[in-house]
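Chain lettering (A, B, C, D, E and F) follows the sequence in which the chains are written, and residue indices restart at 1 in each chain.
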Amino acid sequence: MTNQPLGGNDLARFSGPQTFMRLPEATSPEGLDAAIIGVPMDIGTSWRSGARMGPKQIREQSAMLRPFNLQTGAAPFDGLNVADLGDVAINTFSLAETIRTVSRSYDRILRQPLVPLTLGGDHTLSLPVLRSIARVHGPVALVHVDAHADVNDTMFGVRECHGTWVRRAREEGLLRPSKVWQIGLRGTGYTAEDFREAAGWGFHIRQAQQLWHQPLKALAREIADQIGDAPVYVSFDIDALDPAFAPGTGTPEIAGLTTPQALELIRGLHGLRIVGADLVEVSPPYDMAGTTALTAANIVYEMLCVLPGVPYR
Amino acid sequence: MTNQPLGGNDLARFSGPQTFMRLPEATSPEGLDAAIIGVPMDIGTSWRSGARMGPKQIREQSAMLRPFNLQTGAAPFDGLNVADLGDVAINTFSLAETIRTVSRSYDRILRQPLVPLTLGGDHTLSLPVLRSIARVHGPVALVHVDAHADVNDTMFGVRECHGTWVRRAREEGLLRPSKVWQIGLRGTGYTAEDFREAAGWGFHIRQAQQLWHQPLKALAREIADQIGDAPVYVSFDIDALDPAFAPGTGTPEIAGLTTPQALELIRGLHGLRIVGADLVEVSPPYDMAGTTALTAANIVYEMLCVLPGVPYR
Amino acid sequence: MTNQPLGGNDLARFSGPQTFMRLPEATSPEGLDAAIIGVPMDIGTSWRSGARMGPKQIREQSAMLRPFNLQTGAAPFDGLNVADLGDVAINTFSLAETIRTVSRSYDRILRQPLVPLTLGGDHTLSLPVLRSIARVHGPVALVHVDAHADVNDTMFGVRECHGTWVRRAREEGLLRPSKVWQIGLRGTGYTAEDFREAAGWGFHIRQAQQLWHQPLKALAREIADQIGDAPVYVSFDIDALDPAFAPGTGTPEIAGLTTPQALELIRGLHGLRIVGADLVEVSPPYDMAGTTALTAANIVYEMLCVLPGVPYR
Amino acid sequence: MTNQPLGGNDLARFSGPQTFMRLPEATSPEGLDAAIIGVPMDIGTSWRSGARMGPKQIREQSAMLRPFNLQTGAAPFDGLNVADLGDVAINTFSLAETIRTVSRSYDRILRQPLVPLTLGGDHTLSLPVLRSIARVHGPVALVHVDAHADVNDTMFGVRECHGTWVRRAREEGLLRPSKVWQIGLRGTGYTAEDFREAAGWGFHIRQAQQLWHQPLKALAREIADQIGDAPVYVSFDIDALDPAFAPGTGTPEIAGLTTPQALELIRGLHGLRIVGADLVEVSPPYDMAGTTALTAANIVYEMLCVLPGVPYR
Amino acid sequence: MTNQPLGGNDLARFSGPQTFMRLPEATSPEGLDAAIIGVPMDIGTSWRSGARMGPKQIREQSAMLRPFNLQTGAAPFDGLNVADLGDVAINTFSLAETIRTVSRSYDRILRQPLVPLTLGGDHTLSLPVLRSIARVHGPVALVHVDAHADVNDTMFGVRECHGTWVRRAREEGLLRPSKVWQIGLRGTGYTAEDFREAAGWGFHIRQAQQLWHQPLKALAREIADQIGDAPVYVSFDIDALDPAFAPGTGTPEIAGLTTPQALELIRGLHGLRIVGADLVEVSPPYDMAGTTALTAANIVYEMLCVLPGVPYR
Amino acid sequence: MTNQPLGGNDLARFSGPQTFMRLPEATSPEGLDAAIIGVPMDIGTSWRSGARMGPKQIREQSAMLRPFNLQTGAAPFDGLNVADLGDVAINTFSLAETIRTVSRSYDRILRQPLVPLTLGGDHTLSLPVLRSIARVHGPVALVHVDAHADVNDTMFGVRECHGTWVRRAREEGLLRPSKVWQIGLRGTGYTAEDFREAAGWGFHIRQAQQLWHQPLKALAREIADQIGDAPVYVSFDIDALDPAFAPGTGTPEIAGLTTPQALELIRGLHGLRIVGADLVEVSPPYDMAGTTALTAANIVYEMLCVLPGVPYR
């Protein structure tokens, strides 16, 4: 019998454990097919801080989620054993040390063949997670949904932070460049080449403006077809969404994706061999009504629904 | 001469009576064609409370509304005598008693052949209102705009609350099942059958995902044609809207309707024999900038504009 | 070895379990000397709702607390085995049913000779808790810190809600009237007799205005001396505090106690035979900066520090 | 039989008319002994605007007030017939025109020998109100509780605004300078003479720093004795209070009065011949939890309690 | 060498000068091709105030902007010398005087052949700016993006305020009526003629409902073609946007434009002879997460990008 | 002629430069007697982040301040030439690098014999500032107003962060231990020795509870007498204040100092040889109404008023 979320009629939603979806908390990855892990860091952010409170707030809002996906038919807890592994014990004063700690934690967790679903925290975390993922799975395809390309070389002379992780991951061979998709990019930049260099690496870039006013089902299918059976990592920065849908984030950019588009995109990845995913950059101090964290919780749930092994009814 | 809203040049909008649109307050339904009634309850909610403050806040924001509908040509106050009847004296400690009180109040109000437009308050209120409506009009068609189907049998063992009213209304014969439309449903559920059972009853269900990225004019026309000349009740839960448009609600679900869609839908009901309507689940503590209540006030106004007897210019 | 709170250098404070002070969660009361229990209800409130979110928010803010009381020398976790028992499974739609459930839960918990420290939730909860307490300890002395006397006979015809529990407790013989202290009363009332009847019962009343501008050490000593070795229940409604210190509550009254006064009062109860305590009426939607919940967490901690068996250094 | 506030057990507090204390609204001053009047203006403010929403918000929070003053024994509605006269129809685009309109309105209202209690709105309003008051009562004593002396000659070349009204009132002979008391002054200024000139006029000035850490009963008695039987106007700027107690105001100054001090001060005026009073500068956009407006409502209530003719029990 | 914005790697974005995009501040218009100018007024507003804080907040959020427009290729600072001229010294107590001051300031600034980009402040400011513009350029074409037509004759008897400026501008011959475009109009009105009269003047009106669910590229092209080489003024009221995207404004109307539409519209004006532009009605007290001001900053940046003389890469 | 703040009648307070008190900005320390310097860092915080926005917000609120101290008679700008030197270019990703950068900046600034007044930012900044100060002045006396002693040895293994700077400063010989005063300490700790070790070093500790309910004039005089003519550094952590007065901070502790006490304390330091001062830990995301930053601005102004060379009238 797999773990099940605590039901809303068993205990009122504003009550009970503050785990993701009120799933059981686990102290060991053993026996799990997928795991929720928090990385409550924000010292890798360059504008508004607060993402350290993200994992806590996403878990709180996830109490609204029920187990069955009425819209897609997915029944994730029928097929997978899922638990919340709590937070990585990051070092809130040192970005470098935190990056090392995340890697060490994920190396240990990934001895169990599970899919880690990470709640951020700032986007820096994707780098150490990908290092651990690549040690297990080799270079991976990447579906990177974000307002920003995160391909800076350095920021303030620092090589590993929330705006550089994609460049580092590519340099270190953690990615299959021809199978990297960046979706939702927009905003302003320092040079005309900001998006062009990555295109030269083989990345597939879909700027937000190419996606306005339309469903993303076709794009999702295109991505899925192109990636095929490669192992895939999905990294979703909540600022990919328009600030109307996700005001609670550190570096918001206007004119982004809508939540229907986000759901179409994630749902369309069903069938891919997803080996890990993260949802990052929720900053609760700027999320007055909790809707950003609620959106994040839903997206993580939809990611869970498209993992290999989830039955559909 | 019918009642008219107080004009913005007669008294500054942030001033004057806190009635809907600053209409005259009435203590008796006599002589009215339509009436605004508040039901300030929230003890039927299962996640975030606060909807008890809804009627007050909707009225406050309705001060922005002027009498003439520039977009549709409707001039509601030229054709109908409308007043604000204030709030039902609910019992804030007892859901059961409140339900009885609402029924008694509406039974008394409906001795006058008027159309009640109810400001909620949580969605539980639709049940006693429908009971009173059905006593006058018999079973009615229902246009139910909502993120949730509200067809649970019980919640915490309680049979009458904000998640069960539709099932109760059907069981009690208050509805014409083949003329029930549920628009905007989405979110997660406890079983795969959540939406299917209602479909078996003859309900017409349009999930939110079927409506993304498109106008709702055609849908409204389809509904109007199907319902024909049956008496219709319209129940609009503000959480039908996406949280970007309506964050101030108790059980928000992401990826909902947009306000243009809501207006298209309501406007398209023009010509139907509407016998009552409500707008529920506005929770002001989560509506930091007042825009949810403003949206609610506008939707109630648009409902008023499509009532029988409203002239169009 | 007793349970210890998780330390801030072991895991960042914004991380880890959402228990009180990040203590271990327990599923059984066995072996505990004191227990934290949440009662997340708010349907017994008469003005602003939201207290259902209180236990969660108090626990979140309690992450700031460290084990040792630098100001009094108390080391509660050196002497007592404490855990967080989670929340009572209240029925959010029925006040009467919730009251019964709380009683049943506490009856079961109190089979273990522990001291329950309850996080509210609205003040109604003190009634069923006192019923369970009295079944174990007989009638108790009461230190009731509150802006309101809560001695109404009924509200909206309801006999058991947040404004009547003291009268009920007295009627049912749960209290020793000559050892009931009400501290911080103020505000307006319906009759001149509002405070006088209770005085006639033998209650000791200290209105807020009698306490302005002065320390409460002497008062605490007077209370302690008068109560002597009777079993005592302490009920602290956060609205006893001035809204400057505790804005996040349902029925705030101006010109209340200060937090230094609250600490002096609680600390002065050291040596009494406290058999239970609660902290109620924290309403997070009105607690924008989290300081009300932080204050509540501190007061609960100070209550813990004065329990019998706590060593002082 | 005099007007009575609507009781909290007759209709839930979050319901009912948005008049002060849910008193009856009156359209004519006839038969009234005292009247609540709103002046919803804010174009006379020099830093943060928003006070135009003040009267509405004070009325909303006043729903918490019950008729009997438990702390002083005052029963204002036993002795006085009080109603809410609604708002003056100010001109939101013209300060000069608004000042004229307020005067005209008050001249008309004061044909009835009632005591006007004005809800602001910015402090400019005290000037036209005083002009009308002086036309009826001649020059008056003034109890002016404020962080600022409001004795500027001009601001931006304008002679009548929220920082000049006291100087104008004195120049026009509306005041008895030897019976003017300014309480709570503090903050910074442009010249060393800011407070000295007024002292030279005979004004009695008590800076906030002279009042820190102490009760104000003695001061209130001193004021009452000195004023004797002269007609008195009381003007209370909410920024007299410390921002901890009243954050929702336009020009906050730190280290102000506490609410206990404010209550002691107002209560100590009992016995004076008060002919009018106002409470100004509540700015709701900066009053996140509603506590500033609640405080304002209480102070207006306390002013009502010390009017001539109020019985005490 | 033209002025450049301070880079995010030179100084952290939350640091440095509070000018627009952290451009140099200039005290003289000499040598500038375009200038940012603030007009921090809000006494011309009829509902919620606060726009006086708009320029400050827009500048604060503009720190997120980098120099190069990744989506259009525009490099505004390669072609134009731009600086922030600070704020006009408005008179916060007098609307009439403020209008005169704005005119005088712009007359002086426009002795230099630069394009003024104005940050509001309420929409009244467009009238004096247009007077100065017309003195230099003669009558201009107008692209007016707004929820409201602003063609009232008077409001409260006042002829120059935020709801009348378009009528005044037309009467005074500041506009070329056949080249006036009003985009995004919606909401309710006082008469059926609200929009019709302006149509009779030759204005081109596109109500919001005509634009729902579609890109605005074609509309922008239509406007650009129709206006041709006439000098154009662009006036963008942030309430043209839906409140989901821009809650922080004084008179929000539901069902407005989206930010993608706004960007398409502004970008499509490239090639026109723009001689001035403004962005008005940002009201920070209602902009809890700063996203309205961020949107405003982006729109001003996009306006800058379509000015004559900006190179594209 | 010394620099003067821009006056409120010259330019509306919500307008003009965002420097401290709208003083001129300077790019070089030359010719200055005192300088305002921002250090916008928050990566040294252990609970809630956001202090990086502190300097900006303090400057914004300082626009309320006028040049003359009405309460003490100080006229700082008559005697001292003061300017705002802007912010240190901190490295937002590296605490260690930021600490080095601050030292380098202050070493350069202090070549001019001025008094630096630093706006934080988290408390880590005091360490590098003190290093620079000590290089010029030798070991200094310290008046440290704070809820926390900041004498940890390490936090998460890090030796230099916001909880360790006092220990480091003492170890490095930057302080004269017998002339160190710690005022306002409170809260909970990890060991009973938390405050005792520092006492053993010769530090003078006044816990908050020793100071409740009383003026601090006598304490200030005691401090001043004891310090005598030693060079003094004043470090004021805003969390020394009670959260009622200063909710906007990262690690609030209940039952702290009041703002009157803070003013008495700072004013009582007049006559000391103050060589530097800072005000730290203002976290704007938790400062909803801006009152924490306003308080901080006032305290910095009061520090300025007690610097050597300020004339009193």
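Basically, a residue touches a chain if its C-beta (ideal position, glycine included) is under 8 Å from a C-beta of that chain, and two chains touch if they have at least 3 such contacts.
Owing to the predicted nature of the structure, the values given are computational and were not obtained by experimental measurement.
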item	value
Set of chains whose contacts include both subunit D and subunit C	B, F
Steps in the shortest chain-to-chain touch route ending at subunit D and beginning at subunit B	1
Relative to subunit F, chain with the most remote C-alpha centre	B
Same-residue or different-residue interface between subunit D and subunit F, half as cut-off	different
Taking each chain's C-alpha mean as its centre, the one farthest from subunit C	E
Matching chain pair for C-D (criterion: over half of the contact pairs shared, by residue number), options B-D, E-F or B-E	B-E
Distance from the mean Cα position of subunit E to that of subunit C, given in whole angstrom	55
Mean-CA-position distance for subunit E and subunit D (Å)	40
Centre distance in Å when subunit A and subunit E are each reduced to the mean of their C-alpha atoms	37
Residues of subunit F touching at least two other chains	12, 14, 46, 48, 52-53, 92, 155-156, 213, 242, 244, 286, 288
Chain-level touch network, classified as line, ring, star, complete or other	other
Each pair of chains that touches, named by its two labels	A-B, A-C, A-E, A-F, B-C, B-D, B-E, C-D, C-F, D-E, D-F, E-F
Of all residues in subunit A, those that touch subunit F in their complex	42-46, 48-50, 52-53, 91-95, 97, 155-158, 161, 285-286
Subunit D to subunit B touching residues, read off their complex	10-12, 14-18, 25, 38, 40, 52-53, 55-56, 60, 86-87, 89-90, 92
Contact footprint of subunit F on subunit D as seen in their complex	46-48, 155-156, 185-192, 194-195, 207-209, 212-213, 242-244, 247-248, 251-255, 286-288
Interface residues, subunit C side, partner subunit F - complex	7-9, 12-14, 63-71, 73, 75, 213-215, 242, 244-245, 258-260, 262-264, 288-291, 294-295, 298, 301, 313
